[in-house]
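Look at the two complexes coming up: chain A is in both, with chain B in one and chain C in the other.
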Partner chain A sequence: MTGAVPPIPSGWFAKMAWHLRHNPKADLWVAWFSIPIAYNIMGIVYFTITHMMPPPDATKNHAQIVEFFTKFGFEIRLGFGIMLVSLAFLVWANDLIGWLIMKMDIPHVKAWGYAYMIAMCGGGFTGAYMSAFTMSVASMRPDRDPAMLEVLYDLTYISFDGTMGFFLFGSLIWTYTILADKSRLFPKWFGYTCIWNFTTEFLVSPAVIVHSGPFSWNGTIAFWIDTVVYILWQIVYVFMLYYAVKRVDPPQDRFRLKRIARLTGQLTPHPA
Partner chain B sequence: MPKSLNHTLLLSVPIIGMIWIAAFLVFPTYTPMSPTMTAADVAAFYGNPANATRVQFSMIVFNWFEIGMVGLYATIAMQMQRMSHGGGPLAWVYMAVTLGGACMFAAANLFWIVAAYRPDRAPEAIQLLSDMGWVCFTVPTGFLIGQAVTLAFAVFLDDRGDPVFGRWVGYLNVVAAIAWIPAAFGALYTTGPLAWDGWITFHLRIWTFAIYNIAMFIAAWNARHRLDKPSVAE
Partner chain C sequence: MASPDIAASLGLTAQEIDKAERHEANLVDGIWIFIVGDLFIFASYFVTYALWRNWEHGIFLAAQQHLSLGFGLFNTMALLVSSWTLAAALKAMRAGDFDAAGWLTLATMGFGLVFVVSKITEWSVEVSHGFVFTSNMFSQFYFWTTGVHILHVFFGLLALFRLYLEVKDPACRNLATAESAAAFWHMVDLLWLVIFALMYLMR
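Right, the complex of A and B next:
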């Protein structure tokens, strides 16, 4: 194998294989694809399989809680099984964003990138995993003492809203870096939309206190408006990341420089 | 510094591995407690002083050393930065998912040790804590899967003439990831191979984990001299 790499083939799979083999941004693109895939799995699990979302009433009595876990028991455990397999791939998304932050033009940019990665991964571990365990354990034995089921029920929904600080800080870091970035890796207007997102993280906090009304965990503000804002923002963010990955320079290391040179036929492959 | 200390981090791994095995054997049962046990049986299990002491000893040792394997994983992450795509985010993904797995194991630890702490608690409460412990121990294999898939991906992308890890490391990681998938559904049934004491969710998972760590240690040990060179990500 010498000289330039072969031209991009036409078939779907052949094209994918070509990109994995020769694209200097192959890892970035795979990380990007993991975002729509993993978030869609998460959405399907929450909304259709487990019936965890939209959240049931916080004012349910013991009998209703038992009924909830009895009715959806198998689906809850199946759904969380699917989610637990796929959830680690959200780490790809978080670290892709953290890595992109490191490519921005602001002082101490690496620290911002690491801070983002750690904040978002911590949020995933506490916010998403906790509810998976409590829901699975509750639905495993719906014949448990109803008071225990109630504890698990509350833990599920409050762990969801009560650990938002990780995401709050993650969003805050991303917002700041987008707005301060001189290289404009992300457009400034996208930085302003990130402000929406972290505002919603504040608005869910009363859900740990009140049991009903717009601020309860299934309320108009704390759930519906926040979720709509979050999903809209998520759609925008996937597109913004697409353009950012497209725009960012391929990672600066000697192998990639050679890989790019090989793409243009200037170098023999596999240098030492 | 004497040259023999160059690989202290990596050499700590087999020692910690042996401590893990010892702590694992101290735990009162080799296979997990059956998910079909009644609340009274579970309370009696933890209420038995012999069992409670062994749970406590085992959990104390695990508490000390549960993050100890991080030396191996951090070394692998450093090697990932020496691969063709080492300048990208993959090495950080690997480190983050590793931390997730350790945190989940720590949570399981915590639930068991609280279950053994007050044997006079209501049996229902002890059963709940025990269930939480076994579920946290069994189902979060997503992190191990993420770890294996990320590393396999990085190994397969490493297409230089002299790759950091051989291709076998990539295949091993793919096989391990597949072997860990069923354990994520460990809460689905209370009997059969998919229950948390079943052969798929327990033996397959544990033995894959043991073989995986030994094989990855060998791979990391064979590649250790590469760490003397600067990484591509710098």
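Right, the complex of A and C next:
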């Protein structure tokens, strides 16, 4: 085996295979691609399959809640079945982000990286897993006691809003690390925009206090404006991660050093 | 970016040169991107408020009577004076008078803290009179909007504290930080002026 690496082919699949085979950052790119894939799956599941989003009225009565779970029972279970699998992508995504934070030039960088990952785990558990479990359990037997269905219905949306504390903490870590990072892995303006996200997470808290109006869980401010800001920020964030992965040095392990050496033509022929 | 010769004479590693390049590539501080976005977000809140005020006009007018114009005016003055002292601090920094800049930054933080204490006192008085978040739709908007605003004041105070530390340390002085902190603080001031006009004055 020699150190020669073939040139990058032109076809989409061939190019992807080449990168998986030769790119020293192949695993980072796989982790990056998992982010748009996971968020798109989650968006489709929440908004089109399960009818969980936009959130239905917080003032629904017993009969309306029973009707909701009876009417959308199959879709809810199908959607959350898909989502529970796709959540695995988010584990990669959070690892990538935690690792990128650890590549920054700030004091206690590992602590910030792990703190971010823990915050995201908390958010993922309350927002995605808890709401998936409660919705699926309620839709599995819609002939249960309506009071029980009502508990599961409220628990779904309150636990979904419960993610906000974790995401708020995560946004705070983003803001601090990006602004304090001397290596400028991310542009400073992106650090400031994390404050938008921090603020919007904070603003969902009234949803557990009021049942109707703009601050309820389906309200103009607590849901619609927050969601628009979050989605716009999320698009910027995915692009920022893309540029950060392009910019960052690959981990310096033997496997990758070998790939780098092959790419730069410095690898000595492998002894037979 | 250091030229290869300079980099070689400084003994910089490739990694250090790369860091320096990244730093120089991000000269734009980016605070204006944040400010424009934040103003759009607040504008959407104000539009929502205006719509609800139109739909529940009577309730809003009656509830607005719970607000103290005196507190509102005092808070407005505290923030306006703080913006003035910060502008003076920036002027002193540009003139190279860092002692004055340090004192004026501290004065700005002082007025910011006066605003925070006054606002919390105002909330306490209102709550003691039975005017709470769940009283009506106006109270929801009032506590929520002023709460979000005070969150921005806290961020501003943190930025000012950072600015003060930089002003006191000759090795860290950076006009870009000072201008960013000042732009943010003036935005906080501007937002309060709109909140004051919408909630206290439009009765």
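Points to keep in mind about this one:
The definition used in the following text is that the second predicted complex is superposed on the first by the 265 of 272 C-alpha atoms of A that agree within 3 Å, B and C clash if a C-alpha of one lies under 4 Å from a C-alpha of the other, contacts with A are read in each partner's own complex, and residues count from 1 in each chain.
Just so it is clear, a residue touches a chain if its C-beta (ideal position, glycine included) is under 8 Å from a C-beta of that chain, and two chains touch if they have at least 3 such contacts.
All of these numbers come straight from a predicted model, not from anything done at the bench.
After superposition on chain A, the partners chain B and chain C are seen to fit next to each other with no clash. Of the two partner chains placed around the shared chain by superposition, chain B is the only one that A:D95 touches, whereas chain C remains out of contact. Once the two complexes are overlaid on the shared chain, A:V229 sits against chain C while remaining clear of chain B.
Using the contact criterion defined above for the overlaid structures, shared-chain residue A:K246 touches neither chain B nor chain C, since it reaches no partner.
Chain A is touched at more residues by one of its partners, and among chain B and chain C that partner is B.
When both complexes are overlaid on chain A, the residue A:F133 reaches chain B alone and has no touch with chain C.
Using C-alpha centres, the superposed arrangement gives chain A a vertex angle toward chain B and chain C of 140 degrees, stated as a multiple of 10. Once the two complexes are laid over each other on the shared chain, residue contacts for A:D145 go to chain B alone; chain C is not touched.
Judged by the touch definition given at the top, the superposed model places A:I221 against chain C, while chain B stays out of reach. No C-alpha atom of chain B lies closer than 17 Å to one of chain C in the superposed arrangement. Interface of chain B with chain A (complex): residues 35, 83-90, 92-93, 96-97, 99-100, 103-104, 107, 122, 124-125, 127-128, 131-132, 135-136, 139-143, 145-147, 149-150, 153-154, 156-157, 159-162, 181, 184-188, 190, 232-233.
On the chain A side of its complex with chain B, the touching residues are 20-21, 26-28, 30-31, 74, 77-78, 80-82, 84-89, 91-92, 94-96, 98-99, 117-118, 121, 124-125, 129, 132-134, 136-137, 139-141, 144-145, 148, 151-152, 251-256, 259, 270-272.
By the touch criterion stated above, chain A contacts chain C in their complex at residues 105, 182-185, 187-193, 195-196, 199-200, 202-203, 206, 209-210, 213-215, 220-221, 225, 229, 247, 249. Listed in rising order, the residues of chain C touching chain A in the complex are 15, 18-19, 22-23, 25-26, 28-31, 33-34, 37-38, 41, 44-45, 48, 52, 133-134, 137, 140-141, 144, 148, 151-152, 155.
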